[in-house]
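Starting off with a structure, shown below.
As written, the chains take the letters A, B, C and D, and residue 1 is the first residue of each chain.
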């Protein structure tokens, strides 16, 4: 699949809990870290509109353990009227085993009153340009 | 609503991020902390079966800020064949404002091979007993 | 000992790591959470000066485990020229076992240029008043 | 300075707090993450002895902000009778600005009763070998 950005994290003690696996709450952090990188890659000037996380769905596919390396990919999957959907996946680097999958609904709001506003055309263009570069990057590098 | 357990957390710097609000990933931690208390309240001996978090859905309703106090309630909402659903809600203590709502799918698995197994009858009984005591507790205390 | 504020935290999965004990880095968070409460209790208006954490020393005395309840106390121990020292201790609630001890050097800085400034007289007075109320509270409640 | 291992972390929202800078408690996590890598690099079989963190001292030199990249280096500085000292430093990658410095006292204990034991000769040898490779690596790469 095409991921314009990926975030790599080796699992250390700080990621784990007393069950010996990555603490489930930490995946939300991996996803936010990756989405920050995605927004940087989109390279949009957030002057008029801001983005608010409205909803997140996470499917936990398999546990991850100390010393494994987790890679999380993020991309915009669908652009709606006043929101867009970010698709995320975390896999174990050496085996490719899927560890978690997620979906985020990001709502575009006015920087003044935080009311939902339509996704601006130039943001749509920036997202599409980022997706294309991800596709090309993926094609080149794998 | 009836919450057999509630978990109270005053928002401090460690909960917030550079946007000045509670970091979205921390809600997954509040939910896990509360569900740990819920499982303690259910008081089940997890000898034959264990529970694995398979899916979580979070709706972010309003941001929370430094100094606010967040209360998270958890209860089992529905018991399926090999899983049950935990309903969660976080609200601001003084205003009652809803901050986040969530749903977790917890799968019962065999302690031997971690394959899904039917929710045992005595676990169903323990969950229902806990739900009743929550209802009574709520009736008494509010 | 006299603690004007104490912060209580039941150890849950999110506090622990794969060694089955509270992750060492989390004590720094407990200390910050407690110091936030201490500064609230001091009740000072931080308009002209701000406070910057310059140094922290932590002695880890014994590990803490899932289900134990940790209490952290904080008090100002010594007021210097441009800084003051906060003394912290974490103990297990039911046994009183010392879990960690710490010391923080907090430097008073100008809100304009963040250069160190003498601890203002009214901050000294507020700290001393808070310490006295802690002593009285302790005397009354134990 | 010679660092056999370095750990690189770009500062994202999850690292920061409402003051807009990296939350002080997170440095303890960066240090633990780096020391885990250091112990991996030392490559010792922890069969007879284990290591327990007994004391940590942190000096906070300058705040770090969203988007900066922090590098943390770790090395064993001094080997005592039943303990050794790990020296740590965190700096901002592009400017080289020192952000935090720290020292950890790690005590070697018996895996049976967790009582302090002398640092084994083969652990001393592994630490010294790791330090040499760090020095050579540094010489080559900078």
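Note that in this section contacts are C-beta pairs under 8 Å (C-beta built on N, C-alpha and C of every residue); 3 or more make two chains touch, one makes a residue touch a chain.
Just so you know, these numbers come straight off a predicted model, no measurement behind them.
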item	value
Third chains touching both chain D and chain A	B, C
Chain whose Cα centroid lies at the greatest distance from that of chain B	D
Approximate Å spacing (C-alpha centroids) for the pair chain A, chain C	36
Separation of mean Cα positions, chain D and chain C [Å, integer]	25
Sequence positions of chain B contacting 2 or more other chains	13-14, 23, 25, 29, 32
In the complex with chain A, residue positions of chain C that touch it	13-14, 16-21, 23, 25, 65-66
Chain D to chain C touching residues, read off their complex	23-29, 31-32, 52-60
List of chain D residues in touch with chain A within their complex	12-14, 29, 32-33, 36-37
